Structure formats: C-alpha cells, structure tokens
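Shared between the two complexes below is subunit A, which pairs with subunit B and subunit C, respectively.
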Partner chain A sequence: MNASNYARWRLAGYLLFCCLILIFPVILNNDYLLNKFMRYLVFGILSAALSFSWGYAGILNLGQAVSFGLGSYAMAMALKLRTIPIQTGAKGLPDFMVWNDVKTLPWFWEPFHSYAFAIFAGVAAPMLLALLLGWFMFRGRITGVFVSIITLAMLVVVNLLIIDQQRYTGGFNGITDLTTLEVFGVAFDAYSANTYYLIAGALCVVLLGGLAITQTKTGLIMQAIRDDENRVRYFGYDVAAYQNFALTVSAGVAGFAGMLYTLVMEFASPTFLAVPLSLSIVIWCAVGGRSSLIGAALGAILVTGVQGTLSESPAFLDTWMLFMGAIFIAVVLFLPEGLIGLIDIGVEAINRRRARTGEDRSKRPAMTVSDIALERSKRVREG
Partner chain B sequence: MPVLLEMRDVHVSFSGFHAVAGLDLTVEQGELRCLIGPNGAGKTTALDVICGKAKAVAGEILYRDRNITRWEEYLIARLGIGRKFQVPSVFKDLTVRENLRVAHCKKLGIFRNLVSRHDGGSMDGLEKLAEIVGLKDELNRQARRLSHGQTQWLETALLVAQDADLILMDEPTAGMTSAETHKTAELFTRLKGRHTLIVVEHDMGFVREIGDIISVMHQGRILAEGKIAEIEQNPEVKRAYLGSGGISGA
Partner chain C sequence: MADTLNQIFTGLSIASILLLVSLGLAIIYGTMGVINLAHGEFVMLGAYSVWLLQTVFGLNLLICVVFAFFLVAAVGWLVERLIVQHLYKRPLDTILATWGVGVILQQGVRLSAGANLRYIKMPDWLTKAVPIFGVDVSAYRIFIFLLTVALLALTYFLITRTRYGFRLRAVTQNAEVARCFGINAARVYSLTFAYGAGLAGVAGALIGPLKSVSPDMGTNVVVDAFMVVVVGGVSSLLGTVASAGLLGELSGLLAYLYNDTLAKALVFFGVVILIRIRPEGMFTVHVRRG
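Let's look at the complex of A and B:
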C-alpha cells in the first residue's frame, strides 16, 4: 500500500466513524444510555487531544485534566449564575456562596453572566495556562519525563487551589444544581439528542480538524520533533514554538471537552481535574493507540464503555478492576501501537502474503531484521 | 574568495575542562576544510560551538561578518549553517521522503506551515537527491529500517536538502565500508564550491581523497594548517600524534 492510498483509507475510516456516531441516536432510543454514551464521546475528545500532543509531538502531558477541569468550571459558572433568581432571589449569589457567607459576587465571576464569555474562557483559559507553562518548560529545554512531572505537579496545584477556595469554587462539592444551557432557543439538556449531536459533532470536528493539522508541514515537523528534537533544531526550526503549539492546541480542545462534560454531568467537580482522571486519559490513549487521533478516541470510548458495563453488572462488581488491569497490561505488552496498531499489522501481513504468492511482484514485502543483516553483510563483502 | 567563517580566540569549557582553548580558524567560501587531530583535541566541540550547541566562554565567532557567538541554535541554522552529528541522527519513525521534507524547508514558522500540506509541493529535487545517495528505492520506507550506512547517507542527504551554505560534518564516514567511503568522498567533492564544508574525520584515506587544506587540532587549538603533504611532514604534528602510531594510523 503506498502513501497516498494509505491516506485515502485512513480518511475513509475517520469519515465512517463520524457517520456511525452521528446516526447512533436513531438506533438507540434510550435517554439513559444516550447520556452514558455522551460521556464516552467527551472522553474520546479528551483522549484525542492528548494524542495530538503526546502521540504527535512527544509531549506527555499528565496534567491534561487541568484543561478539562477549567473548561468544565467555566461552563458551570455561567450555568450557575442563571440559577440565582430561582435559588436565592433576584439580587442573590450562587447558593454555595451564601452558605459560605460570601457577601458580594467575586470579580472573576462577573463576566460569566455572558454565555459567550464563558464559552470563550472555557477554551482560552486552558490555552493561556498551557502557553505560559509551555513557554517556561520548552524555552528551558525541559523534555520527556520532566515535562510529565511538571504538568502533573501543575494538576495537583490547581486541584488543591480549587478545593481550598471553597467560598468561590464550591470546594469539594464543586458547582452543582445548574440550569440547562440554552443558546439561540435550543436547549442542551443532559439527556436530549441535541446535546448528543453537539458532542458527536464536536468529536467529528476535532478528529477531522486534528487529522488535517497532522497532514500539514507543521504536523510533520511535530512528528520530527517527537523523533529527535535536536535534529529539528539544527534545521532552523524553533522547536520550543512548535512544542508550545502542540501543547496549547491540545489544552484548548481539552477545555472544550470539559465544557461539554458539564452539560452531560450537570455539575462541575474537583474530580474532573484530579490525578486519577488525568492518568486515565493516558491509559485510554495508550490502549487505543497514541499516535492516532481516532485510535485514542476509540480507546477512550472502549475503555470507559467496558468499565461502565463491567462495573454495573453484578457478576463483575468486585472484579472489574482486575479485568481492566489485565486489558491494559496485554495491550502495553503486545501492542505498543495500541489497538489501532492491529490495522497496520494486518495490512503488512496481507502485503507480505501477496508478495510471497507473487500476485503483485511490484510491491516489495516489508524488510525484516534478517533481510537487513543479509543486505549489510553482502555490502561488506563487496567492500 | 571571501571569508565565510572566522573564529577568534574561542574558548569552551565544560566545568573547568577547556575542550577548546584559544581556537583561531578562518574558512573561506566554497572551501572544503578537513579538521583532524588526536582524540580529545576538541574537534567535535569546535563544530558544536559554531552551530551553537556549545557556548563559547570567551572569543568570538563571525559568520559573514556577523557575530553569532551567543545566538540560539535554530537562528544560527537559519543563517545557513547545517550540522551532521557523529552518531547519525535522523527521524526514525518518519519515512525517508518525510525526512527529506523536514530538512528541505524555506518556511520555518508554524502558521505558514499550517497551510502547506506535507505531501504536496515539489519533490523533484529531493528525488534526485535520493537517487544520488542511493536511497531512491527507499523513499517510502521508515528511516529506522535503513542500514547503518544508509542512515549515514540519509543524514548527509538531509544536509544537502537543507541547502546550508556552511555544512559541518562530524565523522561522516564512521562505520562505512571503503566503497561507501569512496562514494561519500565523491559527493563531497561535488558539494565543494557551491557549499562550504568543514569535515571532522579520522579516516586519513578519506581526508587525502577530499581535502585541500587541512587544519590539525591539538589540545583545543590549531596546531598546524596546510596541504596534506606539508601536514604529514610537520614535526609538531608528528609529536602530537606520538603514541597513536603517527598521523596515518590515527
């Protein structure tokens, strides 16, 4: 299979997946299941965002949940402000502030009266934070595992800050009892098909948009940086800027996913930016295939889907964690490219068989280690 | 010929150890300069300090009369200085074609590259280049599947694709068979004139084949400079190489 053929099949795969998730509500007539599936798709967006920075640019951001949580809180703050007239009277405050004896609305809550601002902030705030953190890290030539440690530390700091500032953030409880988002007369209820289409549409845009970016020269240079950042630097590319771009775009998408998650869950909680979720994203990505956006998204849907099913069935109530663990270990050991890597393995096997049976002699089989050794020894003998 | 690169009394130290100590080197445009010397003479560090990988603690480096001593690596690279490393470094997960595309780029910014497809644009020149280095049949193969010699060739091709004016080569023939070495020498002779090359090399056969002017480094500075015949007769050079079997055994 040559390069352009491969690209065509991959695009077909992406489009097929988009069609499938878009027609899903037609075949599924169950609001409860629809809501569950929305959650899985949101995680799919989140996981695809990590694949963009980790799989393509080699930046393993263990603090991906910071962006997700900030987005989620931005949406929750806007939705909470709309509940004031019902919950605490026309000139009141969000209910948890009243319980915490806050007298006036904090300044940073004010702009969230506007949905437009909230939606902007839900994407812009995580991007700004990532840009700032990335600027310090990448200008300082921090790479690999140290980036992961710093982003993880950032996650813990933001998480503690939100829990600690209960008066303004709702603390452990998060922000609950929200209204339903209504834009241009369309309501986005947690159990409605509208919300499902919004989320599925967002996932399609993220996957296709992300795929488009990875097909540009910028995407190619990101992958080159993942392989050998010094080599890229000596070709004249500003490596830090490219890394920052990958991290920031990924953070923006994760922030958007966070906003959608608030719509599905109808609350925002510090657990949305806690360590367990952040590490789960890494696992989804690894299981599905981190160097493929759709692989990462499928990994998230699959893992959270299986998790949901197993943890709810009485037979596996005590043992579902073991099953999940076994799946992770199996994938990491036997499929380093994740489940999506099975496709490449299959294609290669077909190509090899074809070449062997002589159906298509123009296509050379993939070279094995022994072929290379043979070729080298031949060359040494000639020399 | 105008002077392209001038190093004046350059010092580089790694926590007290002076790898380069008072290096003076002048290279003219279009020249192919060989840099030789016993182990630890500071040859690789000399290349590092030109391309910005190591920073000079004293002295200055002028490129086209511009002082680049304290510039960042990518900015130095943008001036037209390319570097090949001793351990071949290519993008292992990318195909040979993609490797060449990364190296061959006149536009280096993110946003301009966001609107150009990486499999579009002209590939003609790059295919010819791949043919020259014998990688034409490997264009769609991942770089990790290339043999060691092929990887060396690929990195050399990357530097040609980058179209740098000044190419710094650190042991380009390491691990190559004599046939491959000969082929490399041919390629370098072809590059000479249009590009300026500084080549660090141990293989004296190779140096004899390509070199016009040779600079010998010893203990972080230039010991001697001249044609190969002069160098081989130079008593100071002989003394520096003592214990390593003379210059020809290096």
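Let's look at the complex of A and C:
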C-alpha cells in the first residue's frame, strides 16, 4: 500500500467513524444510555486533543486536565448565574457564595452573565494559560520529560488553588445546581439528542480539522520536531513557535471539551482537573494510539465505555485502576503505537507477504542517498 | 529576631524534607535520564512499611527506617529490571511506564491497607522541643535535618569514594565507553534505581510521623520534588541541595505570609519564570554529556 493510498483509506476511516457516531441516536432510543455515550464522546475529544500535542509534536502534556477543567468551570459559571435563585441572597449571588459570606459578585464572575463571553472564555482561558506556560518552557528550550513534569506540577497547583479559593469557586463541591444552556431557542439538556449532536458534531470537527492541520506544512513541521528537534532548528524553523502552536491548540480543544462535559454532567468539580483524570487521558491516548487522532478518540471511548459498563459493581471499580495501570504499562512496553498501531502492523505484514510471494522484489527502487542518511541518523539516535 | 530565626528554622526543616524526597529522584534522573513518576508512591510505600512494622511488630521508628530503605529499594530494583530497563531508548515512555507503576502501587496499597488515614508514632524522646538560640524547635525536625545531612554525606561518599560510585560516574558520562571498559552498565543502572527508590522509602518513613499516611500522599510530595529537580539541575548533588534549601526557605516564608496553597502556587510561578532564564537549572555548570 503506497502513501496516497494510505491517506485515502485513513480519510475513509475517519469519515466512517463520523457517520457512525452521528447516526447513533437513531438506533439508540434510551436517554440514560445516550447521556453515558455523550460522556464517552467528550472524553474522545479530550483524548484526540492530547494526541495532537503528544503524538504529533512530541509534547507530553500531563496537565491536559487543567484546560478541560477551566473550560468546564467557565460554562458552569455562566449557567450558575442563570439559575433561578432559591437560596441566593441579594443581587443573584450563587448559593455557595452566600454560604461563604461573600457580599458582592467578584469582578471576574461579572462577564459570565453573557453566554457569548463564557463560551469564548472556556476556550480562550486554557489557550492563554498554555500559551504563557509554553512561552516560558519552549523559549527556554525545555523539552521532553521536563515539559511533562512542569505541566504535571501546574495541574496539581491549579487544582489546589481552585479547592483553596472556596469563596469564589465552590471549593471541593465545585459548582452545582446549574440551569440548562439555551442558545437561539435551542435547549441543550443533558439527556436530549440536541446535546448529543452538538458533542458528536464537535468530535467530527475536531477529528477532521485536526487531520487537516496535520497534513499542512505546519503539521509536517510539528512531526519533524517530534522526531528530531535540533535538526528542524538547524533548518531555520522557529521550533518554539510550532511547539507553542501545538500545545495551545490542544488546550483550546480540551477547554471546549470541558464546556461540553459540564452540559452532560450538569456540574463542574475540581475532580475535572485532578491528577487521576489527567492520568486517564494519557492512558486513553496511549491505549488507542498516541499518533493517531482517531486512535486516541477510540481509545477514550473504548476504555471509558468498558469502565462505564462494569462500574455497576463497586468491587470491580476498585480493581479497575489496578487493571488500568497494568494495561498501561503493557501498552507502553509492547505496543507503543496503541491499538490503532495494530492496523499498521497488519498492513505491513500483508505487504511483506506480497513482496515475498510476488516477483516484484527486483522492482523495488534502490536506496537513495537520503534514505541512507535517514537510516544512519536513526541508528545514531537510537544509540 | 526570634521570629526571623523561627522562620529560618521552619524553612530549613521544609528544605531537609524536600531534599530527602528529591535526592532519589535527582540521582535516578542524573544517571539515566529517567524521571521516575512512581517516586511519590515509593515514598508512600516507605511510610506504609513503617506503619505495618509498627502496628504488627511494634518496632522502633529507627529500625523501621532501615527496613523501609531495603524494602522500597527491592521494589525499585524489580521495577527497573522488569520495566524501566526496556525503555532507556524511549525516555518519554519511561514517564508513562513509571506512572503506571505508581497507579498500581497506589491502588494496591488502597486495596490491601485500606483508604483510611494511618498514623505513625514517633519515639518519645523525639516528641520534645529543643531550645536553640532561644527558639523552641521540634526535636523530630532536628532529627530529620541531621539524618538528611548524614544521608547526603553517605551518598556523596558512595559516589565519589567507592568502586560503585566510580562506575556510576563513568556510566553517567558515557555509557558506551564505560561498557567498553568492562563496566556492566545495566547492573549499575539497576543498583542506582534501587538506591534512589530506597532513599524515597527513607523519606516516606521519616515524613510519615509528620503528616498522615494515605495511599495518595505521594502525588503532592513528588510535585515539590519535581520543582527541586527543575531548579537544581541534575549535574551535581550540590545543585539539588542548594535548590532544596532555596525552595524550602521560600515556601516557608510564603506559607507564613499567605497560606500553604498560595505558597505552592507562587513557588511554581517562580520556577516557571526561572526556567525561561536558566533552563538548565540554577546551579548547573555547563557540561557536555555523551
């Protein structure tokens, strides 16, 4: 199978997947299951976003949940302000602020009276944070494992801050009792097909848009940076700018996924930006296939789907994390490209068999100089 | 005056704990370029092993510390042999694999020892406060400080004055050439990983009595250790020591002015700004690494 053929098959795979998730509610007539499935798809978006920065640009962001959580809080803040006040004090203060003896609405809550601002902020705030962090890291030429531990440290710090600032964020409880989002007369209820289509549509846009970006020159340079950062730098490219681009886009998408998650769950909680969720994102991405957007999304849907079906028995849920850890290690050791990598392995095996049986062995082009150079550099890099 | 002195002692106490936790992490990273994300869980394991030995056999804390070292070192050795060893050519993947190990350890402890908080008793003679320059300092914190200094001296001795340390330095400088001279690099790696893990175990055993012991105690501890390693660079023990001292004093001061959480956040922002200015860490001499 040659390169253009491969790209065609891949596009077909993406389109097939998009069609499947879009017609899904027609087959399924169960609001409860639909809600569950929405959650899986949101995680799919989140996982695909990580694949964009990790699989395509080599930036393993262990703090992906920060973006997700910020998005979910932005949406929750806007919905909270529209909630019919039951226990609120004067001027429509959210209930937890009244309990914490806050007298006036804090200034950074004010703009969330507008949905437009909230939706903007849910994407822009994570992007801004990622951009800032990325500027400091990548301009300082921090790469590899250090990026991972710095993003992980940020996750822990932001999580602690949100829990600590209970007066403004609801602390451990998060922001609960939210109204339903209504835009242009369309209500996005947690159990309605509207919300499902919104989420499934978002996943399609993210997958196809992400695939399109990776095919552009920018996308190719990102992948080149992943493979050999210094070589790209010697070519005169601004490596930090491309890394920052990958991290920021990924954060924006994760923020959007967070907003959708609030719609599905009907609350926002500090667990949305806690270490276990961030770890899960990395696991989904690794299991599905880090360097494939659709692989990562499928990984998330598969893993959370299995977890969701089995979560009825609490005894199993306890051993689940144990099992997940083992699966994670096994995938990292033996299947670095994840489950989607099995397709590549299969295709390669077929190709090899074809080459062995067919007589076109002699027709294979001779190694060019650049091939030899590539081989050598690969050997050198592998020590 | 007494306030300032008190503050300095608090900072030193935090710094010694930081150093205790990050020493193992720094040694493992400095030698093989692996960030061990299970480090926090090794610390937790150390604390739990002490809890177990105390409740079942009623052993003294000091004896438990020695046990904790060997127990966690053994776990570290196993992890290196079974998993990490296969990933030296994929440094980013070692983070993932060790994270997976951390998950398994954490959940394993939660299932076997329960999710409740556990408490470790400190010896009676260490519960008192000792006056130093007119300031009352907890004897246990002085004990931790002295033990950290002793461990540091031991590590320094191990690296600079023993056969093993000689091999370790050779492998760190250039593993390929070291192998050519007949050094078994894989063995050195395993031993170093085990030693780093053992140090984490000691750290856990010692901070156990100060904080409550829970299966997820490792996460917070290890994040502080990351910051120490990022600030200190990895080329020398001295960098780690200086960085732990700096961050310890800084967190102590900020926690006094605001609160623990804000102190942590501010230290993190400081570290992020610092890496823009000195990406290789504050205390790094430029070295060429093979």
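As a convention for this text, the second predicted complex is superposed on the first by the 334 of 383 C-alpha atoms of A that agree within 3 Å, B and C clash if a C-alpha of one lies under 4 Å from a C-alpha of the other, contacts with A are read in each partner's own complex, and residues count from 1 in each chain.
Basically, contacts are C-beta pairs under 8 Å (C-beta built on N, C-alpha and C of every residue); 3 or more make two chains touch, one makes a residue touch a chain.
Values in this document were obtained by computation on a predicted structure and should not be read as measured data.
By the document's definition of touching, of the two partners only subunit B reaches A:Ser4; subunit C does not.
In the superposition on chain A, A:Thr216 makes contact with subunit B only, while subunit C stays out of contact range.
Once the two complexes are overlaid on the shared chain, A:Pro336 sits against subunit C while remaining clear of subunit B.
When the two structures are aligned on the shared chain, A:Phe328 is found in touch with subunit C, with no touch to subunit B. By the touch criterion defined above, A:Ser114 reaches neither subunit B nor subunit C. Contacts of A:Gly236 after superposition: subunit B is touched, whereas subunit C is not reached.
In the superposed model, A:Asn30 makes contact with neither subunit B nor subunit C.
Common to the subunit B-facing and subunit C-facing surfaces of subunit A are residues 382-383.
Considering their complex, residues 29, 33-35, 37, 83, 86-87, 89-97, 99-104, 106-108, 110-111, 176, 219-220, 223, 226-227, 229-230, 259, 261-262, 264-265, 268, 271-273, 275-277, 279 of subunit C touch subunit A. Residues of subunit B that touch subunit A in their complex: 51, 73-75, 77-78, 82-83, 85, 89-95, 97-99, 101-103, 105, 107-111, 113-119, 140-141, 145, 147-149, 158, 162, 177-180. Listed in rising order, the residues of subunit A touching subunit B in the complex are 2-4, 7, 213, 215-221, 223-224, 226-228, 230-239, 241-242, 245, 366-367, 372, 375-376, 379-380, 382-383. Put simply, subunit A touches subunit C in their complex at residues 58, 60, 62, 133, 135-137, 139-142, 144-146, 148-150, 152-154, 156-157, 160-161, 163-164, 275, 279, 282, 286, 318-319, 321-322, 324-326, 328-329, 332-333, 336, 382-383.
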